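Each of the two complexes below includes chain A, the first together with chain B, the second together with chain C.
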Partner chain A sequence: MTDITTVDPLITETADRLLSQTCDHESIQRAEAEGGAPEIWDAFAETGFPWISISEEAGGSGGSLLDALEVLRLVGYHAAPIPAAENGVLAGWLLGASKQEIPSGIATVVPSPGSQVTGILSGDEVVVTGVAERVPWARAAEKIVVLLEIDSTNFVASIDQDLCEVKPMTNMAGEPRDTVSFNDVKVAACPAEPGVSPESFRFRGALSRSALMAGAIEKMSQLTVTYTNDRIQFGRPVAKFQAVQQHLVWGAQDAALARMAAETAAREANRGDALFEIAAAKLISNQAAARATKACHQAHGAMGMTQEYPLHHLSRRLWSWRKEYGGDAEWSRWLGEVAVAQGADALYPLITGGSSTLR
Partner chain B sequence: MVENILHRRSLDASASQNALIGRVLREYIVPDLYPFAIGLGMVGPALLAHGTVEQQEEWLRPIASGTAVWCQMFSEPEAGSDLANVALSARQDGEEWLIEGQKTWTSRAMWADWAICLARTDPNQPKHKGLTMFAIPMEASGVEVRPLMQMNRDAHFSEVFISNARISDKWRIGEIGEGWRVAMTVLAHERAGGGSRGGGDGSARGSQLPSWIADIQTLNDLSSIQREDISAVYSHDTVSRWTSQRAADEARVSGAPGPAGSGAKLRTVRSYKGRARLSNLSAGAHGMLESGHGYIEVMTAPSMSIRGGTDEIQRNILGERVLGLPGEPRLDREAPWNESRKGLL
Partner chain C sequence: MRFTPTELTQDELRLQQDVRSFLFEELPPGSHDPCLGMAARKDKEFSKKMAERGWVGMALPKEWGGSDRKAIDRFIVVEEMLRWGAPVGHHWVADRQTGNVILKFGTQEQRERFLPAICRGELGFSIGMSEPDSGSDLASVSTKAERADDGWIINGTKIWTSGAHENDWFVCLLRTSPMEDGNKHAGLSQLLIDLTSPGLEISPIPFLDGSHHFNEVTFNEVFVPDTNVVGDLGMGWHQNTTEMAYERGGPDRWLSPFSTVEQLLREAKGTELEATVSDLFGELVARWWGIRNLSLSVARLIDTGEAPSVESSLVKEMGTRFEQEVVEKLVHLIDLEYSPDSNSMFERLLSQCVVTFPGNTIRGGTIEILRSVASKGLKGLPA
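What follows is the complex of A and B.
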């Protein structure tokens, strides 16, 4: 836990430059058709970006969680077709927290184990069984990491991908979300540090998605402003019609809102647990994504519906990410339950003070 | 409208019998008439209103029987909402017309036999005046169809490039220079929904749960919030169907669909979006997968408020023609098209 509250500007600059050079319309389309973009990942990995926030002793690149989330925001902004969130902030975190080696290849995570994937202890090994759905980029991973709760202790299983059966599936954006079967796979039993639990993992997943979504909404809003200023109908740019301007304002508001919420949650999470801020950020990003995709598509007319124009790289990612690590109902319910449990007098302090009032 | 065509050219059914057939059809889940929708719902009625007897004899029966598929070549790269800005040119050459230009977003173009095509025949006239409507056989030489992939991974619309195609004058629909009037008839029928509706989703029978709700029910136990959401969409759907029915009845009496069709289009779009949202939301994270509920519908939904005239354009029509609000400034209305297209504003 650190008190760093700013991102190293060099990280923003380098990541932005690298991703804008590698993630153009053609490379993103190709990644979707081919189920991955190894060349983009290699360029990204060469800089050490996938391992930011994992300490150097643990085999990572160092840097804070705040830095890692800033990179994720840019990954979302450029619709980069790579497992950036999975590798560092999620799998890397679990591996670091269980003193396991960080692989040089891609590490991904099983998003919601529990009922789907279970483990039993056998000596100093865990036997992992079950079928996990929607595992990001499992087909390209070296390790598939699973957080397992066994007899009230949390273990992190780091499983060689070639010991698993991987069935390729994709989400709306054409990103790999594979089905992975574990048939009694044996791996070393590595207990996780205190603070690592299915609950904290789910919050961390939500945090990663909020950062990605904030970036994607921002880019979508910018694309829409540019397009509607260039597109002429009835002798003038369609951006001159007030009905279109309303769409543009929705897009811009939602971009600002999602980014503010994601950054607040990132800053708090960098300091300690940030349950309230993360829950709020994921809910806000989900709702902002729904409104902004609607507004930006409407302002684009038919052009936005084609694969040839890049809007869909962002909108389809947002529709998918909106569903990962908690939809609107889940986070609304969580926030509602917390607020009710604190009581009426604690509501305002909760809203203004956030998670610090819950500790 | 399918009923009208049947009435005029083959089966001898009365208008009220036709209405009855429509109502019964909607009680059942019957195949989608999508491939035939332009012919049945839009071209057929436009031929009845503007076509010659010979054209009606030639085209209506194949439309009604489904042997001829039609597509609608209106939109162009520079003519979307501003449809009157069409640039595709048709030049008369004796008994023929020479067609040159590009259309875009043409749904069904890859498998259509015929296109109803809006063309500019006189660029020196103001933009609404120099237009003429044609029927173009899709296999005519010089017509090239290039499918475009949509974000929902469907390739149902295309760019159509036409260079030096020769079209017989007997395929001109309506008078020279009257293309805008014919286009308005086509669009009014498109908005009103015409024959595009096949059957319903079974809901009109009352005793049967609409299939989209039954589907959601299989996904999870419905929370009270979901029930409320579903009820809201269901009520909107039902009222919308009644209102569209009333508009259709009015259209039958007056002989032509009016601006009420714009209201019908807005409501139908809202219903589609509501159903897509609810079934996809109910599927949770699974809904983002290829096999997920509402997966295709979520990626199709944004196009619903764009195709057939955007929501904004429908509201402009309602504002100006139903509410009588002042129109938008249209400085290019009277200027010759070949000048106004360079931009007057």
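What follows is the complex of A and C.
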């Protein structure tokens, strides 16, 4: 297999153009009020973007995981109100890994199935029961995909949304995070390939969020530079004041740091497990999001606190994504246990060599 | 501004492995008190051993005694040396910047005279920028070089001159013609000055803990021959700015507390402290991994011929603040009254970090100046 380390520039260009045309302030605001933006999704789906990284035999668009994560970075950058991460990188991956059909409509995933949803094997079917919380865009989905560990085997259940009860709920950015009840729903029992487990699913979810967050922090930083250069006080742009420059520099640093972390983790995940890189990238994105939202809001003054100005599309998403697929505590604990287990002499090799030193 | 992810090639990984083996042999863990970053002990023998392996001035061309390697190779060597706490003080400045400056701006004669000796790890250099009335506002330097037969007569004072009492040469930013029309950046030149020149006086400015790094260097009618002017007269500001891109953004700006952190893990292993430090280590390895990747991408950019001053300023500002944050987190977490003469190496190192690290965000350009440099290069939304 060839070692892919760069993204096809055409993907970046096309996704950026499409999303900048479809996701302006008004359309994102409208999506929040109406609980979705089917026209944005349709335009996005028409290009095949939702199924990048899923092989063409499996009904996907082909391309590498690196390409798919680049699209997610741009989805985050434009605060696009669509379930791009859920559909391809998560649900699509699970479906592909259990030889199931990719639906023509939206597929979403149950983010934390273990504690909320259970499955029982019954012949060649799985009976799914439970209440799943915070399921992204369940209301708009055709399929709700659940990874279930039954008797130490991992199964992927692909469930028709209309067999479930969906209660609309949201995250802090007003993105759909619905509560879904499964009342003894029967679906085909499809075992997952080796390597697909609750743990690897958690890491993949974290990887998807790092890509989204890297994009959102970068846009937020650029928005802040633009605003502070336009805004005149005391006879000059506020960006000329040293106290304001500090916020601009800190925002730009966190944008650079989060993007570097997400892109490096993406490169490594395209090659293999990349557990260390993904854990580090999610922790870095979480902390960068916390610092950068603070700096960018402060530099914007009161304007950033209004609905009419677009900063909140980014900052509220970042506050939500920070907690999805693992907050600061979960990932610092995971990394800390690894670091301590490696020991003092292996500490620096871990920083330079990452996951390759864990094998 | 764009930091492109990069990684080490097989050749570069081999170099990393060579440096690790060298350090393991020369300075086995536990055999030495690690130095805290670039303010490292001067050890001419150690510098010589590194030079024998081609690791001093390694990015300089072979014809001048270098190894024709790249900025990234130097990054690898420096990174390993610093995280090991190796005594790299003697050749540090020459290796990081003076060699480059002489190669880039110096005369053929200066290259012959200085570069091979730098690559042998023999020459120690000091840098003369700050003056009593000129710190962050570097262009306001007023130490004068006045025309004489075949050279220049210098009068004035430089301060905060690290290592002048031990080094051989002094690269000084001086005013060679009076300021005109308020253009502070014109009329400055870089001169190479022998630290044993008659009329040159070096006196210590003791560091807050009494140690001797800083000096005040006074010039009283010091003669410097024409042959020691680096580059074009009046171009000192430009040359100096170029030099800064090499100086900023490297591993010396984010690795200083590493050996302290590593030593904590060594001493905590198997004790009840191990569980306490675990979460902190998680955060630290992630941050170091992230900052290292940014810093590595700056080195790659330098290898493409660019002088990435905005990127390196961003990394330095972030890296030096991170160094202080690391120390603060250790102090917060470790509930003991550490002391500089404890039996525990970790405690000794931590004490030293607490006392010396406030300087990390000041030396080589304060973070306030770095923010001002970096913010000028920040771009807003694409049009």
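FYI, the second predicted complex is superposed on the first by the 357 of 359 C-alpha atoms of A that agree within 3 Å, B and C clash if a C-alpha of one lies under 4 Å from a C-alpha of the other, contacts with A are read in each partner's own complex, and residues count from 1 in each chain.
By our rule, a contact is a pair of C-beta atoms (placed from the backbone, for glycine too) under 8 Å apart; a residue touches a chain by one contact, two chains touch by 3 or more.
It should be emphasised that the depicted structure is a prediction, and the values quoted were computed from it without experimental measurement.
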{"item": "Partner chain(s) touched by A:V340 [first = chain B, second = chain C, both, neither]", "value": "second"}
{"item": "Touched partner set for A:T293, first chain B, second chain C, both or neither", "value": "first"}
{"item": "Which of chain B and chain C A:A45 touches, first, second, both or neither", "value": "neither"}
{"item": "First (chain B), second (chain C), both or neither touched by A:E308", "value": "first"}
{"item": "Chain B versus chain C as contact partner of A:V135, first or second or both or neither", "value": "neither"}
{"item": "Which of chain B and chain C A:Q233 touches, first, second, both or neither", "value": "first"}
{"item": "Which of chain B and chain C A:W331 touches, first, second, both or neither", "value": "second"}
{"item": "Winner by number of chain A residues touched, once chain B and chain C are compared", "value": "C"}
{"item": "Touching partner for A:W319 - first (chain B), second (chain C), both, neither", "value": "first"}
{"item": "Partner chain(s) touched by A:A189 [first = chain B, second = chain C, both, neither]", "value": "neither"}
{"item": "Shared chain A contacts, counted only where both chain B and chain C touch the same residue", "value": "328-329"}
{"item": "Partner chain C, residues of chain A touching it in the complex", "value": "5, 219, 221-223, 225-227, 229, 239, 242, 245-246, 248-249, 252-253, 256-257, 259-261, 263-264, 267, 276-277, 279-281, 283-284, 287, 328-329, 331-340, 343-345, 347-348, 350-352, 354"}
{"item": "Touching residues on chain B, where the partner in the complex is chain A", "value": "75, 78, 80-82, 85, 104-105, 148-152, 157, 223, 225, 281, 284-291, 295, 298-299, 302-303, 305-307, 310-312, 315, 328, 330-332, 340, 343-345"}
{"item": "Chain A partner contacts - residues on chain C that touch it in the complex", "value": "1, 3, 5, 7, 16, 29, 79, 83, 258, 261-263, 265-266, 269, 274, 277-294, 297, 314, 317-318, 368, 370-372, 374-375, 378-382"}
{"item": "In the complex, chain A residues that touch chain B", "value": "111-112, 133-134, 169-172, 177, 232-236, 238, 241, 243-244, 293-294, 297-298, 301-302, 304-308, 311-312, 315-316, 319-320, 323-324, 327-329"}
